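Here chain A shows up in two complexes: once beside chain B, once beside chain C.
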Partner chain A sequence: MKRLLRVALCLLLACYAGQSVWAGTETLVVGVSSDIHTLDPGVSSDNYDWRQIYPCYDRLVRYKVMDGKGSTEVEPSAAESWEVSPDGLIWTFRIREGITFADGTKLDAEAVRFSLQRTLDIGKGPADNIGAIDVMRVIDPMTLEITLKNPYGPFLQTLATNGASIINPKIMQHAKDNDLAQAWLAGNMDGSGPFRMVEWLRGQRFVLEANKDYWGGAPALDRVIIRFMPESADRRMALERGDIDIAENVLIDQIPALEQNPEISVERHASQLVEYVYINTQKDKLKDKQVRQALSYAVDYQGIIDFVLQGNGVQMRGPVPLGMWGHKPDVFQYTRDVDKAKALLKDAGAEGLELTLIYSERRPSWEQIATIMQANFAQIGVKLNLQLLANPTLRDQVDKGDFELCLGAWSPDFADPYMFMNFWFDSGLWGLPGNRSFYQNEQVDALIREAAAKADVAERTRLYHQAQDVIMEDAPYIFLYQVQTIVPLHKNVHGYVFNPMLESMYNFESITKN
Partner chain B sequence: MKLPGRFLMTLLLYVLRRLAYMAPVLLGVTVLAFLISHAIPGDPAQLIAGPKASRETVENIRRTHGLDQPLPAQYWRFLHGLSQGDLGVSIRSHRPVLEDIRDYLPATLELTLASLLLCLGLGIPLGILAAVKRNTVVDHLTRVFSVIGVSTPVFWLGLMLLLVFYRHLGWLPGSGRLDVTMAAPLRITGMYTVDALLAGDWQALRNAASHLLLPAFCLSYVYLAIITRIVRSSMIAVLGQDYIVTARANGLSEARVVLKHAFKNSLIPTVTIVGLSFGELMGGAILTETIFSWPGMGKYVVDSVNYLDFPAIMGFTLMVSLAYVCVNLAVDVLYAAINPTIRY
Partner chain C sequence: MLTLRILSRNPSAAAGGGILAVMVCMALLAGVLAPYEPVEINLSERLQGPGADHWFGTDEMGRDIFSRIMYGARISLRIGFFVVAIAGGLGALIGATAGYLGGWVDNLMMRVMDVIISFPSLVLAMALAAAMGPSLNNAILAVAFVMIPKFARMVRGEALAVREMPFVLASRVAGAGHAWIILRHILPNCLNSVIVLATLTLGDAILIAASLSFIGLGAQPPMPEWGAMISVGRKFLMDQWWYATFPGLFILFTVVGFNILGDALRDVLDPRIRR
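== the complex of A and B ==
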């Protein structure tokens, strides 16, 4: 027995690890909340995957950084320059010389054509973003001509999305059963970006190594380690101990404590992520816009922002969020007005209304928002039943229109108001594809479709602004708030640039550590 | 212990018979798991396609994964694959489910075995001690220890362990299976401690073991408490038997009486509980795995359910049922080995 005890004690002592594990100034460690699923740019529709994929590939264009801040405008990247025909249909890209993949293969027009065509042929989520492409033609080794199905305003922006990443065509040697090398690319990468994949230990970590020969200049960091840590408190503790440099998605209630820590800075950035309530405009009383307006007047927007988000958000003003062009700063905004809401309900003959709000556990804030809305609605005489559903079930019901009210979140894939205006209000996109309030207004349809087909930003802005006035009057959604992304990081990390278009993604190529 | 040859023969036949019964049990499990997972309303194609996908894209994915086929056809396809040792391709990770299991199962197994080791290594001595020192301070202390164990929520315990031993004292490393800067040992079993031991890589062993300690304790505490209580009560029952009095009267040392004569006869209930605990530890480690960023099956399967990743759900269910059935069989065989009056 004594011997056993001694052995156990020795083992315990052997386990004693003492000091924390500091990775050094050449290695950046990021603690993130979720493991990833696939590395195939043609397959993934998930920002968490893109976080790893994006720095390993080049795209024709990239988001500009202006004064150290990420913007929604794009600039040349693998494409040196481009021209567009007057009708906006034919785009001719001149590819930059001197970009190579890891094996020395040249990045040329054919590689771009191959990559975009592959994403289109796979036909999964990313294909929708570049779905405007009709045909592509390699004019000479460094010139690619893309013809669109119809003029499409946001086209250039869609080329900055993850699905438009340029892949080495040689991956086709790994193709099996006509899968366009999907099986191989799910766990491997072959790009020309500033980083290369070294290791992916599933559920544990993902390691990237700097591509010292990168055409845009070698990154300052040698290595980036992404640690998968599902528990928020765990990420917070690791950040405080200095084991990780950046902690992602730390719960709001833990932020004030981090702000007290002199070694940590907490950055807040206006994101393009919005939360809103779909009102099913095809359901009984909800068909009446006065009822929808009444519901919009009933909600205590500021209360939700102060209490649920602890001030880390701003009320939405119209469907296009602040920071995206096309945002209309003077569009009508609903604020809490119980009397007006009651009067509207009375006019509509909808007193004593009973509604059901569905939501899932996908976002931790929803339970609280639902409860606040229940209390808000009770004050205008509307009984709100709350129904918590599993995420797949919720999505199924939303797609079928089998609901009255539903809590939702949305973030744009590319920097264009199209992501809000056309997705949310086009009557051809009812259900999950985007128009989740099953809204139909011919005037709005005409305006947003015209805006999508034009290239001139001023003209498009005018059309979108016009549509927004109609939409706010119709109140098909309750526009809650625009979320602030909170990024706690160590003070020895410099050069981090938040880009609202690249949520959960990092500019590893320009981050330094001292 | 000596076992008669004839007994071994009948035992072998019994084991073979039980193994034959396993097939219909597992088949039943697959039918149930298949029906239940498909009863959840929802469409995995929509989930994979992403939140903004068009109808054509969703339809395309549905077709690629065979989700547009009628349920019996889908089930038949699963069975057909299974008969060839193929569990299908995960909808979420786009890899064969077997490969996913190969990646995630060893972590769970390592955690489970370490927890079990802690349960037995601490639970049995504590239980014996409490029984022998019945109604003394020692007994009361173990009771308090057990009551705390049974009533402490795992997520709270896990966070407290990290807060105290990692954040404040810095005695033990934080979450994960290894330090980020350390390479994983050469894969043999996939269990880092075992692989490091086999490779003679002491640094990796030390690192992996230190990472294992907190999650293993966190996971084991409830079962540790239960085992302590079970061992105590069955020991008390046995210690009151006539043959123990006789043994003592014959002048045997107390240690010999307790450890050899009493303990062995009190083992049956303990073995039963250990068998059950093993199955539960395997399937129920999700909270511990989440808190300690332990990349095991628990987290994998919860994510799979959220994504309605049918092949992954089926693969996991099958794997855990197999473990359950095997452990139950092992427990039944152990009964016979422990107690000669039990024969099959």
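== the complex of A and C ==
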């Protein structure tokens, strides 16, 4: 009885503490599905990490907001202005005066050079975002000259991505064994952005605090709390109760009920987020493209879209999503064909195949997709085991290539098919950086690398289209669907701007509550 | 026969037996009676409420929940049966040996049992199932393992009494070996208590196995295991109440059924109460 009392008292205190600290109009609470992985802008290639990282740093440029909508055009941010040489190779940036990091260090040309160089030196996924950079030169304390390897259309946009975040050069004091302070930066942040990190309680929450001295003006919100809540039903309930203000990734089945709630608005945005299955092309039978084709023929794409997504999506046609140039409307598309799949498996001598699909709680629909795929595969004689993993564990396994099949989601960071064609298929980017099927095809490598090195859009389109035909034949991924992004939020949250380039990321600095 | 007649006059035993008879019929006749295939996906029928077509509604894959529960009864009863057979068999053997031989053998065996029993049974079963890898068979082994000490302790207590009986002493004088005496004299005399405990344990075993499946360590999809069904169904609980509710009710009925039958059996069979 005594223990019971103590427990009750603790709970009561917890509730009280929770209320006094977090409730109120200046705190925004976002309920999200899974814990995050790392806070290092030079390492992370996950939008869920960027949700926390992005508001804590400045970048040279930022995506413009036009008519309350995010666009793919950029405007000055930490860079005040810039000039470009007529051949498009040499960019000269003038850094804005008066930006400082938390410890008073000035954000100058050297800090920008240091940050970009660090990301390039680490050489993970973000390095490819800014991979057009050849050399950088600090001309004077506030002027930076960047020379590109070749003229590159979306170069400015790449400077608005998370990997181009400007880090305080003083972090090098935490560096150990030439790791460029990666160990420290994985769990800490040192930026000049509108928010600062307060705490990261793994599996529980991540707390950001407004930087009242931000050069662009203090944010209206005092605090932002990201709560990790693995269950979609919990997030929905918390949103309806008012415990959280924005609920990410609510199961589509629960959206109609939320739309009935007069206090909640459900925003639907056209996005370029796609969901697909990584097939590890280096594993046993999966090395055989006939087996991969058979798996692609087995999936009931239309059933998934009609019923699990309730029509909020379209089947992918090739790797480049609808709405981005480079999309090839007549590229081959796999549709469900059980007989063909069986014949392919027979030809490949892979009957009685047993595979394991890993997935996480990251996207609420994945459990259903996995179950449907299990039934679909059973019909072609493939036994599929399902394994649910915590998202950070799953990402580690993907990086190491320690899986057979894995469910994944991808969204572009800048409006260029490079985001899909080069990241997904370049054999130099195996693992988390992008090529998550560990795919290698010399012809494709040559085509996409040539496309990346050219400036002419028509020529690049031609090369990418050519590569797509080879890719569809090789079937290194099962291309599922492109979805709408649905964001349910409380009606007292104002100023939220969705940008398909910043999927799952929020403009916390300009959101207000009343 | 006498036992059965006494039992049938006991109302709670009749109720428990009745529930279990229904469960066993469901399990045996699932192939004949279930209106739908338990694992066949039918997306256009997903999340339908209970009605004439689907008595208990359908789940998020359009599978008929009533059919899945019927097939689930097979899984649950199989779990219960195997757990009790393994735990009861091994437990009784260990208990009888320890009780009969006494001395350091008794001490060693019972201390090992104490170690096992000192863990909360669900937690230990979880750890074992996680270590062996998630599958239904591993879950059965894990649950059986944590149930062994219950049987061992009880049988040991009985064995201590039985070994002093004149017929045991007589056998020993006549030159019977220890193994023979344990198998022919000690164990048969403990049988009644083992049956009572086994009936009571069946309910626990089904419950723990369902809990393991609930957290993903037991039956794997698409198996229609009740605990696994609740695990997915709870995500839909706010809008589709029937999904998690019906499997939950069936777990409840089964466990209650085994418990009241076990209680009644104890009233009838336990020598200490009967006298």
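We take it that the second predicted complex is superposed on the first by the 292 of 514 C-alpha atoms of A that agree within 3 Å, B and C clash if a C-alpha of one lies under 4 Å from a C-alpha of the other, contacts with A are read in each partner's own complex, and residues count from 1 in each chain.
The rule is simple: a contact is a pair of C-beta atoms (placed from the backbone, for glycine too) under 8 Å apart; a residue touches a chain by one contact, two chains touch by 3 or more.
Owing to the predicted nature of the structure, the values given are computational and were not obtained by experimental measurement.
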Discussion item. Looking only at chain A, is it chain B or chain C that touches more of its residues?
Written reply: B
Practice prompt. Would you check which partner chain A:Gly495 touches, where first means chain B only, second means chain C only, and both and neither mean what they say?
Written response: neither
Discussion item. Output check: A:Gly401 vs chain B and chain C. Expected answer is one of first, second, both, neither. What do you get?
Written reply: neither
Discussion item. Between chain B and chain C, whom does A:Pro151 touch in the aligned arrangement: first, second, both, or neither?
Written reply: neither
Worksheet item: Between chain B (first) and chain C (second), which does A:Gly88 come into contact with in this model arrangement: first, second, both, or neither?
Response: neither
Discussion item. I'd like to know which partner A:Gln374 touches here: chain B for first, chain C for second, both or neither.
Written reply: second
Discussion item. One more residue to check, A:Phe423. First (chain B), second (chain C), both or neither?
Written reply: first
Item to complete: Considering only the touch criterion stated at the top, classify A:Ala233 as touching first (chain B), second (chain C), both, or neither.
Response: both
Discussion item. One more residue to check, A:Gly303. First (chain B), second (chain C), both or neither?
Written reply: second
Fill in: chain B versus chain C as contact partner of A:Ala257, first or second or both or neither
second
Discussion item. Just to be sure I follow: which residues of chain A are touched by chain B in one complex and then by chain C in the other one?
Written reply: 231, 233, 237
Discussion item. Per the contact definition, I'd like the list of chain A residues that touch chain C in the complex.
Written reply: 231-233, 236-237, 251, 253-254, 257, 300, 303-304, 306-308, 364, 367-368, 370-372, 374-375, 385-386, 388
Item to complete: Over in the complex, which chain A residues touch chain B? Could you list them?
Response: 1, 8, 11-12, 14-21, 23, 27, 29, 35, 37-38, 40, 43, 45-46, 123-125, 127-128, 131, 182-183, 186-187, 201-205, 225, 227-231, 233-234, 237-238, 240-241, 243, 390-393, 395-397, 399, 410, 413, 423, 429, 432-434
Worksheet item: Inside the complex, what are the residues of chain C that reach chain A?
Response: 39-41, 43-44, 46-47, 60-62, 216, 220-222, 232, 234-239
Item to complete: Would you mind writing out the residues of chain B in touch with chain A in their complex?
Response: 40-44, 46-58, 60-61, 92-95, 100, 103-104, 107, 121, 125, 159, 162-163, 166-167, 170-181, 184, 206-207, 209-210, 213, 290-296, 299-300, 306-308
